[in-house]
Amino acid sequence: MSTLTVKYFGAIAEVTDTLQEELDIIDDMSVQTVVDVCLQKYPRLQTMSFKVAHNQRITDSGETAPGDEIAFLPPFSGG
Amino acid sequence: MSTLTVKYFGAIAEVTDTLQEELDIIDDMSVQTVVDVCLQKYPRLQTMSFKVAHNQRITDSGETAPGDEIAFLPPFSGG
Amino acid sequence: MEKKREPKKIFIQGAIPVEKIANSIANHQHKTNIGAHDIFLGQVRADEIEGKTVSHIEYTAYEEMAEKVVHEIREKAFEKFDLTCAHIYHSLGKVKTGELCFFVFTSSAHRKMAFEATRFIVEEIKANAPIYGKEIFEDASSQWKKNTPVS
Amino acid sequence: MEKKREPKKIFIQGAIPVEKIANSIANHQHKTNIGAHDIFLGQVRADEIEGKTVSHIEYTAYEEMAEKVVHEIREKAFEKFDLTCAHIYHSLGKVKTGELCFFVFTSSAHRKMAFEATRFIVEEIKANAPIYGKEIFEDASSQWKKNTPVS
């Protein structure tokens, strides 16, 4: 058993009420599975619009490894 | 007999060696005639590129009146 | 373009001071191969939404990722346009209405390149950098800002 | 747009000081309907032509006509683009390489308008305002500058 870091931003972080947490994972868990786990933990995210970043790259596929970073990114509003 | 003012700019003023002069005119002399008079006075202008402004408007037609301003404007290079 | 450029710090706490912009302009006056600068400045608007007026914006960001994304946008700008330099800054934290939150500055021998590069960088950052603005109204209520594609 | 705008002074003796630009930016911070500024700055390049390097430019203009032309360009910009304000300055006399000779600054609620307005004004002035730059080389020889359509 090892962990990865999940980060939440903007409107999403207001729903999760945390900016960051460690998630226990089994090796080679897919990005999609990590997302599903979080959506179960925070059901209100299911109706929200977001992109997922894996190690700071936008993606919705691929496998995670221990120590990786997954981020939930609502629509950007910089500038 | 009355006069109008002829102005020269940029490379043109270097040829005429003056920035401005008064020209005796007869009433209702056309802009083109004023230009021709100047080209005769300064034959080197004949090979140069320029636009003519009559009372600060680019034109090559129309009649002049006493007190008017005719300007010889070589290609612009502001900015 | 062969020189490898390192990611730069882009975030500034609070509003972008006018002096920073002035210094940035002044620092280019020894680069005599530059003929044109184009500077974009984003300013916080006192928008009125349903009778409430914005008082400030609170900016947050996925900072590390945003710096990578902005670095890539900057690299792309150097590939696409013939630039001498490009500077990019964005605020974090509180920026009041009327204050500046975004500063993009490109320079080139020729104006066409600077115009196009600044606009390219601004649009790309708005679309792709994980930066968030929360509009705080005068009554302390708030809403998350949303970027429109080219507004 | 109903308000009749008067022609403004656009000429500055010598280089445009960075402080003038900074003050101009700072003066907009109470206009909280502005969301975007775009600033163009023209800088004198040390061009090398046939082995000789430009040391400065001497600007002259048909001042009164140039102010009228620039006023009309400014009015056209207000008609075409949804602008809050527009400021335009150009140097007369000696401007050394690395110094600033041209400053166009537009502001709008939205960035698209500011980007397009600044570019429009710069191109129109280069094409239509009777302003002349004479490039003076380090050996004191000179040549008249020529504008290219969008360079």
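Before moving on, here are some points about what is shown:
The letters A, B, C and D name the chains in turn, as written, and every chain counts its residues from 1.
Definition applied: contacts are C-beta pairs under 8 Å (C-beta built on N, C-alpha and C of every residue); 3 or more make two chains touch, one makes a residue touch a chain.
Every value quoted in this text rests on a predicted model; they were computed, and no experiment measured them.
With chains reduced to the mean position of their C-alpha atoms, the one farthest from chain D is A. One finds 73 Å separating the Cα centroids of chain A and chain B.
Centroids of chain B and chain D (each the mean of its C-alpha atoms) stand 27 Å apart.
Distance from the chain B centre to the chain C centre is 49 Å, each centre being the mean of its Cα atoms. Of all residues in chain D, those touching 2 or more other chains are 42, 111, 122, listed in ascending order. For chain A, the set of residues that touch two or more other chains comprises 79.
By the document's touch criterion, interfaces exist between A-C, B-D, C-D.
Per the touch definition, chain D reaches chain B in the complex via residues 42, 59-62, 64-66, 68, 90, 101-102, 122, 125-134, 144-147. Residues 7, 9-11, 53, 56, 71, 73-79 of chain A are the ones that touch chain C when the two sit in their complex.
Chain D contributes residues 18-19, 21-22, 25-26, 28-46, 97-100, 107, 109-112, 114-115, 118-119, 122, 150-151 to its touches with chain C in the complex.
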